[in-house]
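Chain naming follows the written order as A, B, C and D, and within any one chain the residues start at number 1.
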Amino acid sequence: MLSHLPILQVVVPLLAAPACLLLDRSRLVWIFTVLACGLSLLISMLLLYQVSQHGTLSYDLGGWDAPWGIEYRIDLLSAYVMLVVSGIATLVIVAAGTGLEREIPLEKQTVFYVTYLLCLAGLLGIVATGDIFNVFVFLEISSLATYALIAYGRDRRALWAAYQYLIVGTIGATFILIGIGFLYSLTGTLNMQDLAARIPDSAGSRTASTAFVFIVVGVCLKLALFPLHLWLPNAYAYAPSLVTAFLAATATKVAVYLLIRLHFSVFGEQFASSSLPLHGILLTLGLAGVFVASLVAIFQPDIKRLFAYSSIAQIGYMIIGIGFGTAIGLQATLLHLFNHALMKGALFLALAAVVYRLGSADISAFRGLGRRMPWTMAAIVIGGLSLIGMPLTVGFVSKWYLILAAIEAGMWPVALLVVTGSILAVVYVWRLVEAAYFQPPENELPEGLDGPDRREAPLTLLVPTWLLVLVNIYLGIDTRLTVGTSGAVASALLGGGQ
Amino acid sequence: MLLLLAITALAIAWLRDLFAAVMLAGIYGLLSASFFVSVDAVDVAFTEAAVGAGIFPLLMLAALALVGRNEQTAYRRPLISLLLVSITGAALVLGTLDMPAFGSADAPPHNHVAVRYIEESPKEIGIPNMVTSVLADYRSFDTLGEVVVVFTAAMGVLGLLFTGRAASPGSATERANMYDHRVLRVVSKMLIPLILLFALYVQFHGEYGPGGGFQAGVIFAAGIILYAMLFGFGNAQRVVRPALLQILAACGVLIYGSVGVVCLLSGGNFLDYSQLLPDPLVGRHVGILVIELGVGITVASAMILIFYAFASATVNSEEVA
Amino acid sequence: MNLSVIGLMQAVLVIPLLAAAGVALTGMRPNLREGVSLVAGALLVAAVGLLYQAVMAGDRSGWTLLELLPGLTISFRLEPLGMLFCLIASFLWVVTILYAIGYMRGHGEANQTRFYALFAVAIASVGGIALADNLLTLFIFYEVLTLSTYPLVTHAGTDKARRGGRTYLGLLLGTSIVFFLPAIIATWALAGTLTFTEGGIFGDDTPPVLLSLLLVLFVFGIGKAAVMPFHRWLPAAMVAPTPVSALLHAVAVVKAGVFALAKVGVFIFGLDTLGSLAVTEWLLYLVAFGVLAASLVAMRQNNLKARLAYSTISQLGYISLGVLLATSAGLLGSALHIAMHAFGKITLFFCAGAILVASHKTEISDMRGLGRAMPLTMAAFFIASLSIIGLPPTGGSWSKWYLILGTLEAGQWLLMGVLMVSSLLNIAYLLPIPLKAFFPANGTAGYGSGEDSGIREAPLASLLAIMITTLMCLLLFFFPQPLYELARSIG
Amino acid sequence: MLPELYNYWVVILLMMTGFYIVIVQGNLIKKLIGLNLFQTSVFIFYISLGKVSGGSAPIFAEGVSSYSNPLPHVLILTAIVVGIATTALALALVIRIRNAYGTVEEEELQQRDLEC
């Protein structure tokens, strides 16, 4: 059975989803979903272990050899991303046990869990597959599920946000489809490895360049790279809080993964840098994203929106890392990909706890929260510090490598801009801290909430949050796993070009 | 043919009446289907006809009934958009410059992976329709994904719209307008069983000619939807209950998936049908039949579900109004 | 021996942390809570005292806590300069707790548990800075110190406090992230190590331009050293309760800054390299300008704590100056001044706090004639002022002596002039305060003998603390050897 | 070259018409029609790729040696399904938006959001 792990990773949540629908009681559905996610997490751990021991795994679906059938291909990079995705998914779904009751009516919870599992399966499928068209199919599974998940938000603006995201996401997917079409017309294959072997033959071809551009633009729409980010803040702000936690920590990460995979494994660094001034563009857009998004974040009264903008800024950092075009830069991107998932997961889960108790994530709700919900606020503070890049948190590790990459590449101004970006993070995190610890709570709670709501969040929300926070700190101190893996991945991607 | 398509497309862009635009979009679907026939893509043509000229306008009209057919606002930033679109288009044209000519037989796509599909599949899989071979066997995982996409959409629509309660039978609103057309009613009564039969034919004939689970599912759904439109949703929902549909939609996916799992358990890779039976060819045959059935079930029930959901939204909003 | 020294070093880090935990747990019972703090302080002094003997015996053992990134460790090592810093900080911690007990209760402050706990955390991070074996370790504790002191600054929770806190955090974190961190990473990229090594870590082939750039980044990046123009945080931090201003913003935090600067100068660049860089000269003049400018600004402050803050900025300039002179006498002077200024300035702040608690006065112009009501406090203020100015019979005269010697050694006559002038300015802004308190000018209403105004000396615990530090100022003039020996063995 | 690629260019024109409608239209339904147009045109592009001159439909028959390429057909079958699924979901969203806001015009929506 061990040799089938690659496919089980995706199929478990994929089939668990319709199975959920057959169970009727929502509590039962929850337990089942937790089990499915947990199983998928276990599989991803085993996969990472297998890959680190035996190297890249290849799995032929339907028993057909690679270029003819669809291949699942798990290398260190995909195993690493799948670990993040399934880990976060598990924690969020555990928190959903109680966290959901205030956000989604009971009769819709079953459908929610089904959609959630489908989204997870879609994301995992994108990461696991070695076939470029299969990427498109699973991208659409996860996207459709995501639109629905966002639209379950209580605020009516959630609907509007979901619609906007749907339009942008579909345009992005269609762009990717066009790119795939060009690639196919040029090479006659859809398998990524086969493509990588054949693309160099047509280097310099305008068709290949166009394919590359369309795919990159399509993916960038998905990952909300500045200036294609306009859909993200609303989507994150109005989605149910737990959905936001899940999406923020996984969906954009998978998009970044896709960019890295296509850029480095399919087209190859050689092609990408020779046919276009891609590095310059990525650096510029990344930096612009960091600054614009951070500045906007500072002025957001809604904290979920604030962290949504912060996500755009953090994506900017990841893109900058790719833009250096060096192994250390790529390593920084990979580290930040992993680390940012941890930070944002923790932050948004903590926000979900706040919303659960107070019914709002507005800055005014945070006044005096340090006393009312000390554990939740402490989680937010630690997550925020990690975002800033304080030592002993994961944020420091990724920032260290990013700056190191800039200095090594001789780009001092970039290094300075990157650190200046962190200062902006200090500003927006600190607004929150000030409100929570050094402002008296508003006299009256929002109407409709009574005594018990002054309390700390329930344990089912706190435990997953704090698990993530602790991982944040642990991996900020013991960096062997993240640094080692990302280093190996980066040199593999740049070195052999696969 | 392409010229006609272009004219239709521009007309859609030009028209302000949404109803007309939807109709034109349907025509566009039909036209592209006939284009597909002309370039030998019969399966695709079949599907595009069913979807582009069938389901799509149907859904659109159902939605239009709710939101009104006129658009009001002026265009937003037309110049910038035009510029953006032109740049994109120019990039695409640039991309085509190095492409192999249209229809050329020595273009790379026809000389690499596809060769095996064309030359070996009748032997390896044992069925003449190569599209079905590729769809249901070589790239069957994509098709599983496709079914899941449909399932996901159904779930999404369900979560967004469905209130779960059926309209009370006999209420004034639930009797569809078309009920009053006696001729239509009688003709349809005869037609619907035929449609359903045809669906079954398409379902099981997919290995030999154009067709397969998806097309069959769509046709089947069309039959039920027609029934619903004529005899009211309350009646339709009594015949085909939404709860049952949900279970069926899930079952379709599960059938497909469990074929894969059974392959796993019998020692092959996921979806490797040759492991199903001692004789690999027969095994493949059975595998394809079963998964096509799964596709058909899910697609049909998902489509009907989506339609019910839209209809129930109609009823509800009328009640609100 | 070796093992126990390491154990002691660990104790230096762990004791305050345990104290913080203990304080948090016993928060409900103030007497127990402050008892915990005091006991921890005493233990810490004992541990540091033992370590002092080890250092003097030539022990330089160290240990690595963990490897953060490949080749980058969090590790600690015993070393005289750090020992000096540690010694002062831990000793003054006990005294400050004593003082704070009187002050915080007398002033009726809220959130006292948070206050004591964070205070302990700050001391732990000072221990980490002092014992750090490499730049990374130093940086980490440096940031922890910033973060743990921020809530102390905003303690009051008023708008003014929050504004002050924002400036404080913004400048300290800002400089450290924008300048300090890139400088560290660049150092790592250039030299391949961050470990403090005698004589510096850069190879001879490192281009001087890069080194100059790095030095500038370090000098500005270590914002806690309050080199102009990044000094604004210090006056802003004065909204904190006085014990915080006293220990942290006259001793721990600011000294952590100059200490880090000294470490970088001596062990990253090496005095020789430092002296050979052209940019050092410019930085020297910049710092010298800061010394004078801060003194001038101090003269114009009517708020006592603000005046003391600017005085601190100016005095920190002395220390930075001493390091940048890159001579052994200058370094000696700097090291001694870290200690001498600490005792002097903390006394001054204690006095300011005592005046606040007893008379609720913060403005200097209101303090005329206060000497009759609070003779002990004002006498202490006078003695500490002498020490800051550098006049015998106080410890401050020694450090100033060596600093001036340092300028002479480097041939910087101009800088010697700056030191002289600034000493005169010190006299001008410090001495009038006690003098006018004892001898109010004619025509202004004095506070009489205290009965009619109701003003008395500060609470006993605070007064005791003031006495101790004042005594130290005097004692260090007569017995400077222990510190002198320690400072001599640096580098 | 022109006649060889002419087909593609017309298809690109079609795509861009759809794309333009998506971007420029403020009516949510019309946007979806445009999106559908855009996607359908991409399908046409793919199917054109699969055409082999002189080939016949890829259903095995005795005596036929040249077939059109079946792979793009398969891909597009999948893509069509994905497209209609997306449309269905989007329409559901539009209906909900209409119920919640009372309009399906983008500008009015933005105004109503600003009001609250």
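Just so we're on the same page, contacts are C-beta pairs under 8 Å (C-beta built on N, C-alpha and C of every residue); 3 or more make two chains touch, one makes a residue touch a chain.
This one's a predicted model, so the numbers in the text were calculated from it and none came from an experiment.
Counting contacting C-beta pairs between every two chains, the top pair is B-D.
If you average the CA atoms of chain A and of chain B, the two centres end up 31 Å from each other.
If each chain is reduced to the centroid of its CA atoms, chain C and chain D end up 69 Å from each other. Separating the CA-averaged centres of chain B and chain D is a span of 13 Å. Mean C-alpha position of chain B lies 75 Å from that of chain C.
Multi-chain contact residues of chain A (touching two or more other chains) are listed as 133, 137, 140, 144, 147-148, 151, 178, 184-185, 190. In chain C, no residue touches two or more other chains. Touching two or more other chains at once are residues 92, 96-97, 99, 107, 109-110, 113-114, 117, 139, 142, 145-146, 149, 152-153, 156, 160 of chain B.
Chain-to-chain contact here is organised irregularly, matching neither a line nor a ring nor a star, and falling short of all pairs touching.
Contacts from chain A toward chain B in the complex involve residues 4, 7, 11, 14-15, 17-19, 21-22, 59-64, 67-70, 107-108, 111-112, 114-115, 118, 121-122, 125, 131, 133-134, 137-138, 140-141, 144-145, 147-148, 151-152, 178, 182, 184-191, 194, 198, 202, 205-211, 213-214. The touching residues of chain B, counted against chain A in their complex, run 91-92, 94-100, 107-114, 116-117, 137-142, 144-146, 148-149, 151-153, 155-156, 158-160, 164, 246-247, 249-254, 257-258, 260-261, 264, 268-275. Of all residues in chain A, those touching chain C in their complex are 385, 388-392, 397, 399-400, 403-404, 407-408, 412, 415-416, 419-420, 422-423, 426-427, 430, 434, 437-440, 477-479, 483. Those residues of chain A lying in contact with chain D across their complex are 133, 136-137, 140, 144, 147-148, 151, 156-157, 159-160, 162-163, 166-167, 170-171, 174, 177-178, 181, 184-185, 190.
Touching chain B in their complex are the following residues of chain D: 1, 4-21, 23-30, 32-34, 36-37, 40-41, 43-44, 47-61, 66-78, 80-89, 91-96, 98-99, 104-108.
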